[in-house]
Structures are given as C-alpha cells and as structure tokens.
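What follows is a single structure, and I will ask about it in a moment.
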Amino acid sequence: MSETLLELRDLCIRTHDRTLVDGVDITVQRGKVTAVVGHSGSGKSLSARAAMGVLDVDPGLVRGSLRYPGIKTGNLFDGVHNRGMRAQRKLLRQTAKYRGGYVSYSPQSASSALNPGRTIGRQLQIAISRRDTAPNDVGVEIRRVLDEVGLPHRASSALPRELSGGMAQRAALALAIAPAPSVMIADEPETGLDPVLRRVVTELMLQVAADHGVALMLISHNMDTVRRIADTVVRIGPGGARVQDDETPDPSEGGLSEDDDTEPGDPPRVHGDP
Amino acid sequence: MVRLLAALALPIVVPAIITMVLWALPGHPAEIICPPGICDGTQALAERWNLHLGPWHFFTTWISNAVTGDFGNSWRVQQGFPVADLIWESLPATSMLVGLALVPLVVGAVLAAAGWIPKLLDPLWQAIGLVPAVILALFLAAQVEITYGALSFGGWPGQLRLLLGALVLGVADNALSGALVGTRSVFEAELRQRYVQIAVLRGESTLSNALPNVLPALIGQFRARTLHLMSGAVVVEVVMGVPGLGELLFDGTLMQDFGVVLAATWAFSLMSAVLLGSQALAEIAVALWVRSSPSGVAEGAAA
Amino acid sequence: MRSRGTRGLWGVVALLLLAGLMALAATAPEFLSTPDLDRIALGPGDAPPFGTDDRGISLLEYAAQGASIVVAPALFSGFVVMMLSTMAGLVRCAGLTWIDGAIQVASELVGSLPRLVVILVVALILPSDYRTLLPIGLTWALLAAPGAMDEAAATAGRLGGERFVEALKAHGFSGVRIYLYHVVWLNLRSVIVRQGAEVTMHVVFLEIALSYLALRRNEPSFTHADSEFSWATLLYQGYTALLGSDLMHALWLGLGLVAATAVMAQAVRLSARAR
C-alpha cells in the first residue's frame, strides 16, 4: 500500500445561497495518479484549492478535514468550519509554508499564470528556494529542471510573454517540480493545447512525477487521458462526489466518456451504470 | 531611454519654445514683454537681453549664460539684484514646501495600497480634494496673521506658514485623494491578475509578485503628482507668504521682469527634468531587474 | 431604471446651476455702481440678496461680473478638451496608430512642466491690452488635452478599436452611426463629459487663484480688465473679514460660488456616468 500524502475528507463548501461542493473525498498516494473529474463548474478546482488550504468563499467551509500525512500534520481545517473569511485568511497564512513546498500547483493556461515581470529563471530560483534543503548551485539546479521539462537553457532568461503556449506550459510544470514537492496538483494542464501537445505535456508530467516519486492529482475533463494514466478516479457531480473508485476505469464498461452526453443537472454515472 | 533624453532636453527646449513664441507673436519681443506707454524701459530691456539681435543670438547667449549661473540682474522685482541669487534664495523654500507636501501623499498611498484606509472614506477625500488650494490657504494664512500679527513672517511663524502651506498643497486640489485612490486602484487591478492568484497557490506573497509590475505605473503617477504640487506651490507661496520660487515667478510675471520669469521658469524646468530623469532611471532599473535571471544558467554563444 | 433616474436628477441639477451662472453673467453690469457710503458692509438681511461691500456696492454686482469673466472662457475650454478627446477616441477606433503615438509624445512633453508655470509665461507674453481669461483658459485646456486624449483613446482601445468598428460594420451599421453613436455616445460620452466638466471647473478656479494672487499684491489681474471684478474680490474681502472686518458675508458668497461651480462640475460628471 502506497504512502498517503494528502487526505481530504468530506469536504463541504457553501456560499450564502448554494452548496458548491458536498462530500468530496480525495486521497493522494505516493507514486500514484489520482484524477479528479467532473463537469465545468462542479467544483474540481475549488476542491483542489481547498486541498492546498486556499478557501475564498463566504461563509465557506462547513465540513471536512485536510491532512498531509507525509509530514504528519493534524487536521488543517480545525477552527475554520463556519467561521467565515477571517478564519479562512488565517488558514491561508498557516498553510502558506506547505504550498509551493510540500504541495505544488501546475495551472492551466500557463501563459497568464506566470508572473509577466519575472524571467523564467528568476521564477524557478524562487521555487527552488522553497525546498527544505537548499541546493549547492542554484544555476545547475535550474538547468536540470529545464532539461527535465524539455526547455532550452536560454528559456531561463526569457519572460513569459516570449514563450509559446507549449513552452509556457512546460515552464509551469518546471515551477511545479522545482521545489521538490511530495504532491503535485495539475489543474487541467491540457487546456488550450493542440492534441499533440496535450499528449506531450501529459506524458511529461507522468514521467516527471514517476522520476521524483511525486503523488500526482490531475484535474481533467478529458476522459481519454484519465483512462490512460489515472490509478484512481474521483468524480465530482452535482451535489458531491461519489465514493472513490480504486480501479482504473475500463473503457468497455459504462461511465463518463469522451463524448459524455450527460447534462450538468443529471446524476453522475459510476462504473457499471448503463 | 526616450524619457531620459527628454529629461536632458527639457531645460533647453523650454527657453527655446519661449524664444520661438516671443518672435512668432506680432511686434517686437521687447514691446511684447514691456509695452511702451504702460511699461518704462522697453529699450533698456531690449539691450539688456539682446532682444534686438534676433532669436538665435538671444537664445544661445541666454543658454550659455544660464549654464554658468548668470541670469543678469532683476530690473523690477528687486532692482539691480542678481537674478541667480534670487533663484538660489527661493529654491530651498519651494523644495521644502513640495517635499513636505509629498509626505501625506506617500504615507496615504502606502496605507491605501495596504488596505488600511477603507474605501468608504473615499468620498470624503474626494470632497476635500475639490477645495481649491487658494481657499484653504487664505483661511490658514488669516489664522497665522491673527495669531502672530505683524511678526508673522519670521522665526516660528514663518516655519508655521511653510508647514501649513505644505498641508494645503498636500490636501487641496485632489492631491491626497488622487494619491489614495490612484495608488489603491493600481494595486487592486494588479492583484486581480491571474498570475497573482496563482502565486498564492505556489506559496508566494502577493506583494512581492505584484509590486515590481506596478512600480512603473506608480512612479509615473507620483511624478505627475509632484509636478501638480510644484504648480500649486505658486499659489500657496503667494497666499501663505512663503518666499519660494513660485512667489518669485508670480511677482516677476506681475511686474513684467522678464529676466526673473525666464530664470524661474528655467529653474522649474530643471526640477521637472530631474523628476523626469529620475522616473526614466527608475524605469530602466525596474526593466533591468525584470530582465535579470540567475547566473550560470543560460547557454553560451550558439554552437 | 433607478440609476437612469439618478443620472437624470444630476443632469437637472447641473443644468440649473449652469443656467444660474449664465443668467448671472448675462446680468453683469459693465461697471460697478458708484459707492454708497450709507450702505457700507450691510449683511444680506439689510441689503438683499447678498449684502454690500466696504464701499456700499451690492455684492450681487461682484458675483455677476465674476460670472461674466469666467463662464464663457471656462465652458469653451471644456469644450475644446471634449472635442480633442473625442477625436483621440475616434482615431483609436480608426486604427491610426501614428496619431496615437503623436498624442503620447505630446502628453509626455506637455506633462513635463508644472502647468501654472506655463500659464504665467503665457500671461507674461500676452499683450497687456488683451487681458481676458480666454487665452489662459485655452492654454490650460491644451495642457490638459494630451492626458484627456490618452484616456479617451485607452477607453476606445478597450472597446476593441478597429475590431469593434469592423464587427459593427459586419452587422450593417453605417460608419457615421458607428463612430458617432456606438463609439462616442454609448461608450466615450461619460469619459469626455467628465473631462470637459473638470477642465471647466479648473479654469474657473484658476481665474480665482490668479486674480486673488494679484489682489494680494495690489496689482491688476491677467484675466480681466481693471474695470471688472472677479469672484476673487469676494474672497479677498472675506479674507479681510477673517482679520476683523465686517465682510464675512462676502466670504460666504465667494465660497458659495466656488461650491456651486464644483457641484455643477460633479453633477455633470454624474449625469453622464456610464451605465
């Protein structure tokens, strides 16, 4: 049994007039890929941000627990339930040391996610500085990270606007692995990329995660990718998530497909449903 | 770089434009500045400033004298007194006035950017900012004169006039409200950018990410505000009785002392050039910093 | 609907104040009345509507003359800025990038000097028998224009510039309708009107400041003939009241006129606010 590195249990987040997520359970294990799938607006990214201690909804967290067993934290959501924005800001401050260190984040549409006023090299330098142990030579380390994601060394002195979409996505991946995290959350990394590049980025992400023993939480609505690489799938439908399924989904069985014809209001299908 | 060149050119461009305008207007330049029948000494003015020798001669002579600090003598404001001395004596008061007026602007801007000044108070600052400087200054000047009477220009009353003048400058004519609202809106717009939200998810601070990107805009805003303060200093100095460059310029204009006006205008253009140059240098510094990357990473010359 | 009602209300306030100021200007006497020593420093109660000064002259005459000095030049200056701003917005939508560049260069040059310094140099150069507010107001408007034009161009740019125009043309609208209605009326109106109102207000305040400074020096003002009296005279009389004279009502009248100008400018701005 792989080591559990991130455990999000029974997450329930509400605004004043509606429930955003209810009953979401996500467990991420070392060396495994956990896919979080669902329709647009189902709460995938919200759950991912909650898994990093980032809540920005009022009144916000109603139920749930968050633990990082890899570094033996207690329930990070203690004292936050039903306490509104003030408690959430406190949580944000308390969990800042884990973000970009124990847990890293690789965003979608990387071009707008990178700081336009810093070179890629400077941004990597900052990411590397969040490691527990500082490397002997930051320059060497940056070169190594760039090599891993397939970027030329001269990309270090480039500004984000000077990179193509694919290169920006690789740069975002580099920023996610640079701090040597235990868990990496990749939020729809294929968005905005052509089919060839999507495959390249996904394979790269998988390779890098495997090489570093990083637990990967992949948020996606591309079932082809999910079927291909996920060890575990968590579905978030309207009103909450189904129980986590440990089996990799078999394309011959039922379930969400690439041409899913369910509407957001329909109940989600699970494996085996007609 | 363009801004830096503009800063270097400004002290030359300003007297050049004045020269061109003087010669472009119908009539002799000396008679424009000192109309016969209203003003005595038109001929003496023309000889004193070489206005009868044509624009190029006038301009080049004036610039080369100005560079050596020779602006001739005042013939109206303080007859016979070297204009350079008048300028030197006036500069400290104006510099102090504008410098002190910047204090509430900078403090207010920092507090507003940090979110410590609630937006609810914005209508109050904006209402106060609608008050013209001349109105606020006349009230405070009257108060000083009531309190200190005939002795109200030297010693502590003189310093009080300077302090109150700085307060007027910093608050009236939308100076403070502009600084508060302007700085806050620049920061808020930047903090809403996606890269800042993502930086939070990487455990980085929003300020360290946003600040370098808003610095050029903030520097530009503050240069504009400082220029605005220098403009207002003319009014405040006369009303509050602060013996600064603005008061000298106004008196020179009223009394048609061309030498004083040209020299004071040139002094203002030098101060403006320093501001413009500082902004240019700051922008260059920010651009170099933005472009910096860790050493020992980039490949050498292409193989 | 509610916001349209509020905008309408502000529009009415602006029009009323403007009408009041123009009526005041229209009734301005060419010369002040002869002094009446029996009516020195009377308050509004004794000499309605605004009382008299230290020579027994009605303060209404000062108010009217002051209005006649400022109203036309200030409105014209505001109009000039509005026209230049409109032009800049239309130029951005027409895709004439070289003009955009020229505006930005002009903005840098013009914005490099303190405005009042430029105004005083203009005042020095103006023929002394041509003392009116118009050239000074126009100079102020030209100094304010590049910044205003930049803002209008940026607003037009946010619409989409050329692409916005092309998209509307594809829907069958004529060029004239697109530029005048869709660009200027629907989108640039609030920006342009605010800029015009601000410049109008600033020119009025500039006149008051210059005339007040001249009064402090006992010298004639740059902005009007010796036979005319600016609103600054009321403020100066009010200043003497602060030092002990009986002319406090002159100060209140002066402040009231300044406040009316400010309120009028704000009302114009609020009535033209974007939806």
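Going in written order, the chains are labelled A, B and C, and every chain counts its residues from 1.
The rule is short, and it goes like this: contacts are C-beta pairs under 8 Å (C-beta built on N, C-alpha and C of every residue); 3 or more make two chains touch, one makes a residue touch a chain.
If you're wondering where the values come from, they're calculated on a predicted model, not measured in any experiment.
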{"item": "Chain nearest the overall C-alpha centroid of the shown protein atoms", "value": "B"}
{"item": "Chain at maximum distance from subunit A, centres defined as averaged CA atoms", "value": "C"}
{"item": "Centroid distance [mean C-alpha coordinates] between subunit C and subunit A, Å", "value": "57"}
{"item": "Separation of mean Cα positions, subunit B and subunit A [Å, integer]", "value": "51"}
{"item": "For subunit B paired with subunit C, centre-to-centre distance based on mean C-alpha positions, whole Å", "value": "23"}
{"item": "Subunit B-touching residues of subunit A, taken from the complex the two chains share", "value": "49, 52, 54, 92, 96-101, 104-105, 107, 109, 112-122, 124-127, 130, 137-140, 142-143, 146, 152-154, 156-157, 159, 175"}
{"item": "For the subunit C and subunit B complex, residues of the former touching the latter", "value": "108-109, 111-117, 120-121, 123-125, 127-129, 205, 208-209, 212-214, 216-217, 219, 222, 232, 235, 238-239, 242-243, 255, 258, 262, 266"}
{"item": "Touching residues on subunit B, where the partner in the complex is subunit A", "value": "194-195, 198-204, 209, 212-213, 290-299"}
{"item": "Complex contacts: residues of subunit B adjacent to subunit C", "value": "2-3, 6, 10, 13-14, 18, 21-22, 25, 27, 32-33, 35, 38-39, 130, 132-135, 138-139, 141-143, 145-146, 224, 227-228, 230-235, 238-239, 246, 249-256, 258, 261, 264-265, 268-269, 272-273, 276"}
